[in-house]
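Each of the next two complexes has chain A plus one more chain, namely chain B in the first and chain C in the second.
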Partner chain A sequence: MIIATFFILAILAIIIYSIFEKGVKSISWEMLTQVPQGGYYYGKGGGILNAILGSLALASGATALAFLIGLPVALYLNVFLIRHKKVINIIRFLLDLIWGIPSIVYGAFGFTLMIFFGIQTSLLAGILTVTLFILPIMIRSMDEIFSTVPIGLQEAAYSLGSNKSEIAFKIFTRQSFSGIVTAVLLSFGRGIGDAAAVLFTAGYTDHLPNGLLEPVATLPLSIFFQLSSPVPEVQNRAYASALVLTLIILLVSLFSRGLGKRYHKTKINF
Partner chain B sequence: MYVLNRAQRHTVNSAWMIISLLLVAFLPFVLLLGLYLKSTYLLHDYSLGELIFSGTWKPSSGKFGFYPFIIGSIWVTLVAMLITAPVCLLTAIYVTQYTRKFFLRIMHPAIDILAGIPSVVYGLWGILVIVPFISRYLGPWLGVKTMGYSILAAAFVLSIMIIPFVLNILIEIFRAIPIELKEAALSLGATRWQTIKHVLVRKALPGIIAAFGFGLARAFGETMAVLMVVGNVVRLPGSVFDPGYTLPALIANNYGEMLSIPRYDSALMFAALLLLVVSLFFNLIMHFFIVRYNKF
Partner chain C sequence: MDEKTKIEIRDLNVWAGKTQILKNINIDIPRNKITVILGPSGCGKTTLLKCLNRLTDLYPELNVNGRIMIDGSNVLDANEDIYKLRQQMGLLSQRPYPLPMTIYNNVAYALKLRGIKSRRETHKLVMHYLQQATLWDEIRGRLREPASRLSIGQQQRLCLARGLAVNPEIILADEPTSALDPISSQFIEETFVKLKNDYTIVLVTHVLRQAKRIADNVVFMYLGDVIEQGSVEEVFGNPKMERTKLYLGGTFN
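What follows is the complex of A and B.
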């Protein structure tokens, strides 16, 4: 048992170590601040700025959209349906089912939608696909937080004459603010790290995207493409890109931990 | 500017909520329907059994046999579960029964980090560490000739990827067991290990099976990490040291050329449909295990 536990910890250490060891060697300022130049994929100059910005744009867009759809759903479950336990359970079950669907299926589905509507691979298509992918994660983690809001708080608000949507958007959101932030950051981390869903839909380009309807590069795909190159310099850049991606995700998760601890001021304790 | 009064705001907000809810609730059905409609072109020309059990994959001459991919997926998933299952079970027991609270506080961030690492990075790590390890050390040591890019490499990387997922559920399950149960067993003179083996594990069994099932479903659909280390050779693998090909990898590798060959896109959508159905099916069954577990 002790071996199994430390096996897991050791694997984590090995992963972090090998990513850092390989990545730090080949990372440079030039890589972070330039887009690929001509002959970049044969080892010439340039960087992965296109992929970094593309990934951030894609993940932020998808997170914002998923938030707009996810927040009301989670609120509806916990404020409007609180007397209908059966309906809640069915919806939670559906959400768990959606959560289990592999991201490549979303990618394939997004692709069929794109063909159906005649859109090309673009930032917009990528955002829509990733939104579908992170939606269940967002809703379920917000739902967990909202379900801990004490019923007494709701009753107090009702007795003061609030209606249901006021309770949802004014009381619940404030009471569980830190939880909402955590849910959003968690979804953002998922969205930025996923490659299979954007493989079909976001495309790949060496330029910075100018609009929603242009293809966009993403970090996971840039790692994947650079790694499959036979040129060693390009492979080294894949290691560096992997380091950048891992750092972004670690930062996001650290940030959400820190925020979760700080924003307890607005919360009413019973 | 016209400002909405309270009642109007209530109406708008409620509508927003209900529309979002309907959108989400219909999502799985829309997914199923969309992929099914796309793969009807293929199902129209071939029978289902023919597609699943035929072993020849030559899209250019119109032969679509998914058998090697299905078998490859099953191999990778099962071997991954063989590694994950004991490790997770033992760790969950150790962390919840033998250590103090503060150790769990160390484990939780570690699990979170493992869960947060993107699959491409796992794949990269597999290429950097696991593949050379298998081709240089493990293969020659066992007397097998292998490239390193193999079912085993994919399974190993995959098992690491689903550990945080399975472990989280298991820890929750073991912590949910009422402490009285343990106390009763201990007071009857059972040793600690006997208590764990005969009382705790038996009590948690449906939950444990469900946790493994969720892990299995997740492993089955994992794409990028597997794609990068599995070797991508279309044939039936003879041993775990042979390269293979999985269903998700098939979709991801061929999206570029799928519009150039007739029925190819339909075939790939059929593969996606298969994945979707398998994942829904597994999650459905495991959900009932969890429901049964909660009833006790």
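What follows is the complex of A and C.
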């Protein structure tokens, strides 16, 4: 067990070290604030602002959409279906199953939908595909939190005459606030880091995102294109982009932890 | 139904799968009295209490049959508006469960459910119910704090204030003092005695002394059966059944 743990930690450390080591050298202000100029992928000037903004827009949009769909689903499971344990278990099982589907399959599915509806690669198509991809994560992590709401608290609220919607939106969401934040940020992290789901759906562009129906660049794909370049300097820039992506995810998780902790102090303690 | 009877329980049977938790229960609970349901742990007291406001709905494994009449409405009838019926009963559980909001809002939430919208009215009533639960003087400056910051004894009194705020006629209490220190317990007991003029109180406990101190009526239960019921003088003074005598004598718990 100790060996296994250290093995994993060592591998993680090596990945992070190599990203930092190669990334810090080639990261520059220019990279963060400019879009790629002509010939960027062969070593000319410019940056990856298109991908940074594109990824943020895409992941935020998808997270917001997945939250709007996922929250009611998770509440429905835990408040309205309380008398149907079998149905709940089947739904949970299915969600866990689709959680495990590789994101490239979502990408392919999104692509067939796009053909069907006649939409081109665009921010919108990317958002919809990533939403589908992170929905199971969003629902299941909120579901886990909701299932820990004490039955005594539910009884107390029901005994006052609350109906199920009130229990769901006033009691469950308040009691589980920090868990909901964690679920949202976890989904955001998954959404922003995935390349395969956006490969066919969001497309790629050297321009800044402008409009839902235009293609948009994303960091994971930007890393991929830079790594595929024959020029070593550009390959190093890929590591710099990876560093940016890692830092975004790091910030997001630190932020979620901070928020969770702050809320915990005012939470009910038993 | 007799004028003096507030709750009439008839042929109540509760099954959890193949185990029968309550066996053919028939009880009359008198108006404006404290009725204590007494018995060793696991005898079905809590389940009986949860049947009264149909919190049993939350437990899919329970199968409830029979009739529980409160002022002519059968609580167990699926066609009754259970959310309305529950508002006739305030609940006090073993451990306090304040709602995840401020002290003030815990009571104000109950008032809102009762249909009180005016701010001024809410203000006045929050104060009134906190006073009734003898909590007001201790927390008057802390109304905007989260309810979880109160001590456990204060939380229990807050839950009482919240329960009273829906303007019930009945108070259901499930071993409400079992998690509390002696002083907080005494507070709750004294409040119950004060409240019984206006409310019908059903108290579940396994503490004999508590039953003796505040009960008007006693229902003694054992393993899902009602063994004996009557006034406190009858049951404690002159128990008819062997089981009751043994329990009161402390031979078994």
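Note that the second predicted complex is superposed on the first by the 265 of 270 C-alpha atoms of A that agree within 3 Å, B and C clash if a C-alpha of one lies under 4 Å from a C-alpha of the other, contacts with A are read in each partner's own complex, and residues count from 1 in each chain.
Definition applied: contacts are C-beta pairs under 8 Å (C-beta built on N, C-alpha and C of every residue); 3 or more make two chains touch, one makes a residue touch a chain.
The model shown is predicted, which means the values in this text are computed figures rather than measured ones.
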* In the superposition on chain A, see if there is space for chain B and chain C together, and answer fit or clash. => fit
* Asked: Where does A:V231 make contact in the superposed view: on chain B (first), on chain C (second), on both, or on neither?
  -> neither
* To do: Would you sort A:L213 into first (chain B), second (chain C), both or neither based on which partner it touches?
  => neither
* Asked: First (chain B), second (chain C), both or neither: which does A:H84 touch?
  -> second
* Based on the superposed arrangement, let me know which partner A:V24 touches: chain B (first), chain C (second), both, or neither? => neither
* Asked: Of chain B and chain C, which one contacts the greater number of residues in chain A?
  -> B
* When the two structures are overlaid on chain A, which partner does A:K170 contact: first (chain B), second (chain C), both, or neither? -> second
* Asked: For A:I69, is the partner it touches chain B (first), chain C (second), both, or none of the two (neither)?
  -> first
* Where does A:E155 make contact in the superposed view: on chain B (first), on chain C (second), on both, or on neither? -> second
* **Angle at the Cα centre of chain A, taken between the Cα centres of chain B and chain C once the superposition is applied, in steps of 10 degrees** => 100
* Structure fact -> For chain B relative to chain C post-fit, closest CA-CA distance rounded to the angstrom comes to 10
* For chain A, what residues appear in both contact lists, the one with chain B and the one with chain C? -> 163, 166
* Asked: For the complex, which residues does chain B have touching chain A?
  -> 6-7, 9-10, 13-14, 16-18, 20-21, 23-25, 27-28, 31, 34-35, 38, 86-88, 90-91, 93-95, 98, 107, 109-110, 112-114, 116-125, 127-129, 160, 163, 167, 214, 217-218, 220-224, 228, 248, 251-252, 255, 268-269, 272, 275-276, 279-280, 282-284, 287
* Which residues of chain A touch chain B in their complex? -> 1-5, 7-9, 11-12, 14-16, 18-19, 22, 68-70, 72-73, 75-77, 80, 91, 93-98, 100-109, 111-113, 132, 135-136, 139, 163-166, 168-169, 189, 192-196, 199-200, 220, 223-224, 227, 238-239, 242, 245-246, 249-250, 253, 257
* **Touching residues on chain C, where the partner in the complex is chain A** => 50, 53, 55, 57-58, 60, 83-84, 86-87, 89-91, 93-95, 97-101, 109-110, 113-114, 146-149, 159, 162-163, 166, 172
* Structure fact -> Given the complex, residues on chain A that touch chain C span 82-85, 150-163, 166, 170-171, 174-175, 177, 266-270
